[in-house]
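Here you go, one structure.
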Amino acid sequence: MNMLSLQHFPIYSIMVLFLGAFLIVVFGRSKVVRHSVALLATCASMLFMMGLIKPVMLGGEIISYWMGARVPAGGYAIGIALEVDALSLFFGLLVSTVVFVACIYSIQYMSHDDNVPQYYTLFLMLAGGVMGMVLTGDLFNMFIMVEILTFAAVALTAFRNTVTGALEAAFKYLVVGSIGSTCILAGTIVLYAQMHTLNLGQLAALIPGNLTTSTKLAFALLFIGFCTKAFLVPFHPLAADAHGAAPASISVLISGVLTKSGIYGIIRLTYFLFQSMGLGTMQFWLVFLGSVSMFVCVTMALAQHDFKRLLAFHSISQIGYVLAAVGLSTALGISAGVYHAMNHTIFKGLLFLAAGAVLHETGTTDLGKLGGLSKKMPVTTVMFLVGAAAISGIPPFNGFASKWMIYQASYQKAVESNNIGFLAVTICALVTSTLTLASFVKVTQSVFFGQLPKEYENVKEVPFGMRLAMGILAALCIVTGLVPNYVTRFLTEPAAKAVYHVGAYINSAMGAGYAESVMQTVPVAAEPSFVQHGVWSPVSWLCLLMIALLALTVVATSAKYDKVSLGEATDTKYQLFYGGEKNFYSQVGSDDLFWGFKHNWRHYFSFMHELHSGVVNDYALWAVVALALATLYALVVL
Amino acid sequence: MALILQALRYLVYVLVFPGFLFCFMTGLLLCGIDRKLVARMQKRVGPPILQPFYDFFKLCGKETIVPAAANRTVFLLAPLVGLAALVVIQLFIPVFRFSAFNSIADVIVILYLLLIPALSVIMGGAASGSPYAGVGLSREMVTILSCELPLLLVLLAIGKVVGTALGTGICFSLSKIVDYQMAHGSLLGKLSMIPAAVAFLLVIPGETGNHPFDAAEAETEICEGPLAEYSGAPLGVYKLSHAVKMLTMTSLFVALFLGGIGTGIENLMFQLGLSGGAAGAVAFLLEILVLFLLCAVLTFLTISVVHAVTARLRIEQLFKYYWTVVAGLALISLVLAWYGL
Amino acid sequence: MFKNLIKESTGKSPWLFHINAGSCNGCDIELVSVLTPRYDAERLGFKLTGSPRHADIVVVTGPVTAQSLDRVLRTISQVPEPRCIVTMGSCPQSGNVFRGSYAIAGPLSKYVHVDVDVAGCTPKPEAVIDGLALATKILAEKRGQME
Amino acid sequence: MILFNYIASFFLIVLGLYCIVVKYNLVKTVIGLSILDYGVNLLIITIGFNPGGTAPIFTQGEITPASYFVDPIPQALTLTSIVIGACVTAMSLALVIKLEEQYGTIDTREIRRLRG
């Protein structure tokens, strides 16, 4: 077989990452070698994924690759398979792109640390783990990859073990993460006991006919396992701890990539294995969890005073959007959900990189200590503002495009099913979006604007490599926001369609006709409809805005608007107005910026503060309770 | 040739009619009317109606000081972006049957576009580096937060009512909403829309930052908050934006709730026996006039009267008021709309 | 056209900023009464602003105490051009009853150019309006000279 | 016999979770994780076990439809799972040592600098 045929691309894109990890362990002492290996590996992985766009995304093919060419025989899949349909490829593309950008960023960001070879090894293992997880067609393989990525993530969280809380965060993550992984393993094995197979395709074919108590138990176990990976609500404190303590380039991976693997797992589990498309109870479960996640985490973020911790809570809030949208189980909802997943990866990556840039230059991420960096780090500021506008859903950036689709999808669902519950999702999503904006205004004011503290007078702009990484993501933010039609047509709609084409997935894994022979009713892929009721064309809007701005500028220049008087701070005229007093350092920012809002919610905030006690036992208890609730729900309601 | 004409037409839209010139004139005029009315209600003579024009041009002639602590680019660019964004929003709001651009943005998008002018104030204030601006921008943000919930509930209710009537489930397109009203009478005539209209009216002074919801720009306590360091032309642009925002909000109300009045104008034309191009032009001018009068009445109701009889609310009172009373009204309307009333 | 408009407008929209340089509050109250329904200086476009950056006319009341001098001068320097300085009441002009006190740094004209003096302890609102109207004229002239 | 295995594995899993949730000593938390792992491993092995089956080792052509053997896949899974469990234990113990160095305690109630 031709070694360069498309068939091999998925395994290559996983292999290069692990191979790179191995090479860095052996030859990583040299700076040049480890940087070039890491860059090459991540870049190659990305290129392999891109090579699959044409057949899989546009052509609708499903690529299945059997390790050692052990194709299924006698109706049983014994070998280990990689199955790449549009959904897998969508997440694969996302992962590989962000990993590549994070790798570019790491080179200069990690230049001051020791043990850098170990960093790159773990980095590539984390990337490889996620790639493996989203491309695999085997449930147990999924578990292994989840373990690899959890492990690498834990080790990387503790990488800067002198940072306050890094070890603590890693330990908590390890404990709860292990409970989650164990859940996945237990769920896998319970399914195996029922179906005697681990292949996702075969499982998907067999489960709907044998929905016994055990399979439902397995569902609950797997669901909670993937929830821990996506850090959904009872597990969100871990995300906050881990993101805050890890190096920024790793936070990007944890929030942008690791959580997506959890979401991917949940989509595969609910819509492929258990085929609960259109099942009301499942919709309720997912949408409820998503809405709670998005709201709780955004309010938690408002109360934070650490840059990265705040971003971490926002990432879970955005994951809540994704889950709520996906849980609607309409074509538009799934398309909007995966679109938002993609956008979240991009803008949250950008924001974490900006936070990392601030940390790199000032040595702190405490919002109370920073301020006025926009004059010292203009490029970082612009990048941050792009990311902040995107996550808060300011048109025309990408966050708006996907959130807007989510509002429509949920409202449409509410109207179509005449269920007022989905209306609450729309409202919750819209309010959350505004709260997100509020907390980013807080960050903007506390870090980039306002007054510059004395000790940061000599802060410089970050080096080129870091700016380049941020620039790539910022450009992606703008581009994917300006052409939502193309993004949905070429990326998210194929992915959403893939969710509907379960039969094709099964047949591709097990050979044509298998699904029809095993299942009583093969889920027929009715052509899903992506009708939207709103209108939004960002490019025209931008053109209009540009014309308006241009006209304004012309008027302004003719009115000598540009003739401004500038001067030094020593001249009293150019000092700030302090009610006549001499200027002194006075930065308004950090905690109490939204006093007017928080005062009304003070009981809620103090309750949440008490709840997030930071004791690992509590978090483990939450995990156990979540597991119990999920089991109960699965057994009683589903 | 046709393309050039089309482009010219769009340029006229942006620069003259629903765009700059119209916004500039009507916005400042509304502002002047408001000031005059408030003065009359307080038994004062009040400034001339053209006073906001004088203020604006005077500010253009003043020196523009950029404080040394400020980030110059953002400081100077923020007001321009805010004004431009507002003007663009105005382009999307139909004037009865006329709508300059109707397939670019729907009401939900407009809800978000309305954030941009407010953000421009926040960014400008933050860029100035003043602690007064810091306090002011925090209040400005809480004000946005407060207004957002009732506003979005109102918009969802409208989307549901019109969507049900048109048979599409939901309808967020502004021009469709107006067309529907032209055919079936104003939305204000529906029972479910009355609380929504009241809620929207209460949101108007909050969105524009007028008394008593002007905690963000309280000149007596925090020196006009985000605008504390602005002088000269940029300040004038902010004042202009404020005036245009009054126009935007009131004309949005007209489009959403009173769109049916346009039919009356057409009937009038019909009764007068006018037809053809001349009638169209007359009707168009009449529509603009009616729109302006309605905006003025709404400004009087929501901004002037409220200004004259109330004292400024503290920011947390403001938040509570909007999230309980106003949002409650909007929610009632949404529930009524849901059950088809 | 634009220049003419600006020139026209400068005399019609004077915004005030009020500095209390150790005043006994008599003048402060009287200044506010100028804006009340009875006298209504808003007819002429007067408006009290909260920040010196927005102001055209600075109204100083009080004898300019040694403590306040620095603050007064700093605030005045922060008012953008063209600007007018009006002293209100006798205190900033002569020191009034506080004259000769160790705590007084006035009169204000020792430190900055004062455009209009409105004398009296306290001046009548009519006098204040007259003074402010005069200041407005000076303001328009200054604006003309800036070209 | 097999039932007893299932009961034991259930008991081990619950014991492990109980240990993690209730014990405030970091080392005991790690022990809890290990017990949890063992419980799941026992479950896997039990699922694959066929009473009276032979070892699943056959050469080419030896296997017939009649041959009765223990399912080999769960055994392979268990091996992997054991390895992973060992890694978890090693890693968490390493973290405990470092935590003790930094915080001077291994009481979970005092290791809570990140909260709220």
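A, B, C and D label the chains in the order they appear, each numbered from 1.
Operating definition for what follows: a contact is a pair of C-beta atoms (placed from the backbone, for glycine too) under 8 Å apart; a residue touches a chain by one contact, two chains touch by 3 or more.
Computed from a predicted model, the values in this text were never measured in an experiment.
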Hop distance check: chain C to chain D, minimum number of steps through touching chains? 2
Pair of chains joined by more contacts [C-beta pairs], B-C or A-B: A-B
By mean Cα position, the chain sitting nearest the middle: A
Whole-Å separation of chain centres (CA-atom averages), chain B against chain C: 36
Whole-angstrom distance, CA centroid of chain B to CA centroid of chain D, is 63
Expressed in whole Å, how far the mean CA point of chain A lies from that of chain C is 59
Expected list for chain B, residues touching two or more other chains, is 60, 63-65, 132, 223, 228-229, 232
Going through chain A residue by residue, note those that touch at least 2 other chains and give them in order. 559, 571, 573, 575, 577, 579
By the touch rule stated above, which residues of chain C touch at least two different other chains? 2, 51, 53, 78
Chain pairs in mutual contact under the definition given at the outset: A-B, A-C, A-D, B-C
Along chain D, where are the residues that touch chain A in the complex? 13, 17, 20-24, 26, 29, 33, 36-37, 40, 43-44, 47, 71, 73-74, 77, 80-81, 84, 87-88, 91-92, 95-96, 98-99, 102-103, 108-109, 111-116
Residues on chain A engaged by chain D in the complex (per definition of touch): 140, 144, 147, 151, 154-155, 158, 161, 164-165, 167-172, 174-175, 178-179, 181-182, 185-186, 188-189, 192-193, 196, 198, 237, 240-241, 244-245, 303, 309, 608-609, 612-617, 620-621, 624
Chain B residues touching chain A in their complex are 11, 14-15, 19-20, 60, 63-69, 71-72, 74, 76, 80-81, 83-85, 87-88, 91, 101-106, 108-109, 112-113, 115-116, 119, 122-123, 126-135, 137-139, 141-142, 144-145, 148-149, 152-153, 156, 159-160, 163, 168-173, 215, 223, 228-229, 232-234, 314-316, 318-320, 323, 334-335, 338
Counting only contacts in the complex, chain C reaches chain A at residues 2, 19, 51-53, 68, 70-75, 77-78
In the complex of these two chains, what residues of chain C are touching chain B? 2, 5-10, 12-13, 15, 37, 40, 42-45, 48-51, 53-54, 56, 78, 80-82, 143, 146
